[in-house]
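Same chain, two partners: chain A is paired with chain B first, then with chain C.
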Partner chain A sequence: MAQHETAHEESHGSLKTYSIGFLCSIVLTIIPIAIVLGGWFDGMVSKVVLMGAAALQFIVQLIFFMHLREEQKPRYNLMALILGIVILLIIVVGSMWIMLYNMVAV
Partner chain B sequence: MWEKVKSFASEFFVTGDPMIYGADVSIVLVTLAIIVGLSYFKKWGWLWREWLTTVDHKKIGIMYIIASFIMLFRGGVDALLMRAQLAMPNMEFLAADHYNQVFTTHGVIMILFMAMPFMFGLFNVIVPLQIGARDVAYPFLNALSFWLFFSGAMLFNLSFVIGGSPDAGWLAYPPYSGLMHNPGVGQDFYIWGIQISGIGSLMTGINFIVTILKMRAPGMKLMKMPMFPWSVLSSCIAIIFSFPILTATLALLFLDRYAGAHFFTLDGGGNPMMYINLIWMWGHPEVYIIVLPAFGIFSEIVSTFAKKKLFGYKSMVFAMIIISVLSFLVWAHHFFTMGSGADVNAFFALTTMLIAIPTGVKVFNWLFTMFRGKITFETPMLWTIGFIPCFVTGGMTGVLLSVAPADFQFHNSYFLVAHFHHVIIGGVVFGYFAGLYYWWPKLFGFKLNERIGKWAFWLWNIGFYLCFMPQYVLGLMGMTRRVYTYGWDKGWWEMNLVSTIGAGFMGIAFLFQIWQIIYSVKHLKKDETGDPWNGRTLEWSIPSPAPLYNFATLPQVSDQDEWWEEKQRRANGQQVPAKPVLEPIHMPKNSGIPIVMSMCWFLAGFGFVFHWQWLTIPGLIGVVACMLVHSFNYNNDYYIPVDEITRTESELRKVTS
Partner chain C sequence: MAQRNVNHAGQVSPAELHSEDHGHPDMEEMRKFGFWIYLMTDIIIFGTLFATYIVLKGNTNGGPGPADLFQIGGIIVSTFILLISSYTSGLAVLAMHKGNRQALMRWLGVTALLGAAFIAMEVNEFIHLVGEGATLSTSAFLSAFYTLVGTHGLHVLVGLVWMIAIIIQLGKHGITPVTKRKVHIISLFWHFLDVVWIFVFTIVYLMGVS
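Let's turn to the complex of A and B:
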């Protein structure tokens, strides 16, 4: 137990950064809901906007709440993130590939 | 009024089968016996203080292992019921729908509620001791993981006496697991049992990654870490990336059933194939999650009992990490026959065959470790030696299955059933047994009886080959999995009868193991050394069972097999054991929140199963309340004073020093 007392000195953000992060994530949540419920765009445009909002939301979470920029070495969080993204891509691209070629699905 | 109660009860409880009534009676009797026993001996306070609220990783580990043995019993009974039904043609022992329930619960229990907790139990009791830590990184979270697993397992197991068991197979493929074809509550028990215990599994994965990365003893570089923590690390990496997929997939299935969504339905734009695709993205890594720690255990045992350093340490580490990442690239080999086309099948066939390479590397490493070693054949080593040929042949039938065109013949036949039992029993079960026998003295301070252990080993092995080798042949003869009966004209009965006899052998072997434990407790021969196998790693440097704080002073590590090297140094007189300078030890306090919070989850899950909002909502409120209480509780640690450590140490080391 003695080991992890010493590791508590890194900063974990301030009220200001948390507020900015919270606002950003709320806005990025409201936009997609409004688009879907209001039917502002359709087809390709709405897909691109929705996915864009999701990607921005992901970045906001990582920077303001996961404190990715403030990490000290060794950068386990960054390594885990990269591996996570690789696996995420495998899952998404792999599923699309498998399901698109799936004769039953067509 | 009475009529209403009667009609509710006949829906709520499972009725009609004499075996179920027998189970009802025995559940009530066992529960009564436990309650009466605890009250008579006035042990409720002891149970609450020492076990139910503990955050000590060793006790949590022991509870995991006990729970997994109970689940092994239930899953084993399911297996024997199935084998009894298949022993002869046209048997009328189990009806078709009952058979479906039995194979479903057998699969779910054996993987999720037997193998997983057995594995977590071994993680818990050994990893902190091997890396020279005093506990895991998050002791509270660890207790919460255990109780979540336990609640999930209880919720799932309740289904066979209340409401009805799930019957859609261990992975619950839609459309059969959808509401349209499966309107009963069994499938909801499945979803919530797995969801609740899945949260626990994910948290354990995080907990052990942090423990291994952050809490190693001073001087223990990653590449000087024993092999078991390496296997735990690679297994946990796969856990944290694959369990969220399971949770999401089952959540979507739940929405289909509960809220009328159409993710996996046949109409409304849904696609059941997507479920199969998603569930195997978890399902395949899952089998590597459970087998990697077994590889770690074998590595420790081989080097201890051959009295040699592990051959090819670095290649072993790389092989484990590669297996854990590659396991995410092979999932489609479970549904080659789905019709995704030659490109997809070729890709996944190749990645599957690639996994055989790192696995082969490990087998050679174990063989070379044994080469010219002074091997002794105690039970842990016997299980290891039993494992190697079993896993190699089982792995090879896996390579046969990975050939996509041939798979169209093998798919969902008994060939497949034989293959996965071959690798999971031969790899996982043998591995965890080996680990349990090996570390038992560390857990409880005495060895298990060797003679009965050898009987159990041979019965398990003979039973295993008798049971599963005929199933390969049956598969090639056209017997498909999950058939509940067959006719005389098929020509399958001889093989099936042999297989059932083999299953009976394994059942007897399990009884031998229980007898072995009871016998060894009765004829207790206490191990005073703390190092009964002449071990190589740090867990053997402390007394058994380990004191609450594990290490009075944290060890300073300079070598890969630190304790072995230390013993050599002491024997050569190069180093006298240093007089320890004791300091107060910082420890976490016990907490009742994990068990209370898990009970709230249990109630919420039960409410979800029966669509009882009056139970779900209070349950979920209870969960949130527990979180709040825990976040505002600052009184959660204490220090063990130096004189108490001195007293404990002198008592424990009376004989050794």
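Let's turn to the complex of A and C:
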């Protein structure tokens, strides 16, 4: 029972989980800034690392701030999110592919 | 038959028992889920705006480009302001679960102040850009830029007004199931706006100046 109580407390997050999430997002913000201002990488490598940091930050916020992992089954929130992200990727990657890498249009 | 009933009663999960204490938790849960669906449609809006920006980024029409215009120092400051405000809105939710109305209202107030500071810095940046001759109609790049960043700013502004309204409601009604759900929703919205800003910061500003 005691275990259940703590599990329930956990489902709204605790000061610890919020602080861990906050520290992670600070670090994941400072790394890209350092990369750009310090000019560590260039071109494609820099872009991939920057997008990776942003995506990680998205996941950190989903888990630590929006509590996506503590959802009870059936996980409709997660399913809706996956649908949203699939549409997002189709729009963004599809637009880039057609508009930037299509030799016929150039 | 009696055996089955006992078994059935024995299988009532703690979660179900818990939800019965609260009156109409399912309805409030449904409303929270409804808001989540709205956030997913917002993802699509921002997705189209990001796609437009990425495609039009190079079309500066002989005008200034990203590297000429952006002052990354101010942008970094506003990024951290928004990041901290995302954390304080989480602290507000924590205070609510402890039943501490004063702390809840205080943290929401801090979040709103940080949001206002973010808006002020953005308006300031836009005024500076227009002063440099980079207006909405200068080039396709700038049209896409103002639409994307402006839409995000507008969301923050709406969130700000909404948060102040919830602080007032909390002052009047205290922490009830209804105000609880409203605080949950605004904090979800706020975290979401922070995530969108992280992508604006990365794709528009960091990749713009690098």
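Note that in this section the second predicted complex is superposed on the first by the 90 of 106 C-alpha atoms of A that agree within 3 Å, B and C clash if a C-alpha of one lies under 4 Å from a C-alpha of the other, contacts with A are read in each partner's own complex, and residues count from 1 in each chain.
Everything that follows uses one rule, which is that contacts are C-beta pairs under 8 Å (C-beta built on N, C-alpha and C of every residue); 3 or more make two chains touch, one makes a residue touch a chain.
All figures in this text were calculated on a predicted structure; none of them were measured in a lab.
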Chain B versus chain C as contact partner of A:Val27, first or second or both or neither: neither
A:Gln61 contacts which: chain B (first), chain C (second), both, neither? second
With the two structures laid over each other on chain A, which partner does A:Gly13 touch: chain B (first), chain C (second), both, or neither? second
With both complexes superposed on chain A, which partner does A:Trp97 reach: first (chain B), second (chain C), both or neither? first
Identify the partner contact of A:Leu83: answer first if only chain B is touched, second if only chain C is, both if each is, neither if none is. both
Return the chain, chain B or chain C, that is in touch with more residues of chain A. C
Chain B and chain C contact sites that coincide on chain A, given as residue numbers: 4, 76, 83-84, 87, 91, 94-95, 99
List the residues on chain A that touch chain B in their complex, please. 1-5, 7, 76, 83-84, 87, 90-91, 94-95, 97-99, 101-105
Can you name the residues of chain B that touch chain A in the complex? 133-135, 137, 213-215, 237, 241, 245, 271, 273-274, 277-278, 281, 325, 328-329, 331-332, 338-341, 343-344, 554, 583, 585-588, 637
So, in the complex, the side of chain A touching chain C is made of residues 4, 8, 12-15, 18-19, 21-22, 25-26, 29, 32-33, 35-37, 39, 42, 46-47, 50-51, 53-54, 57-58, 61-62, 65-66, 72, 76-77, 80-81, 83-85, 87-88, 91-92, 94-96, 99-100
For the complex, which residues does chain C have touching chain A? 14-15, 18, 33, 36-37, 39-41, 43-44, 47-48, 50-52, 54-55, 72, 76, 79-80, 83, 86-87, 90-91, 93-94, 97, 187-188, 191-192, 194-195, 198-199, 201-203, 206-207, 209-210
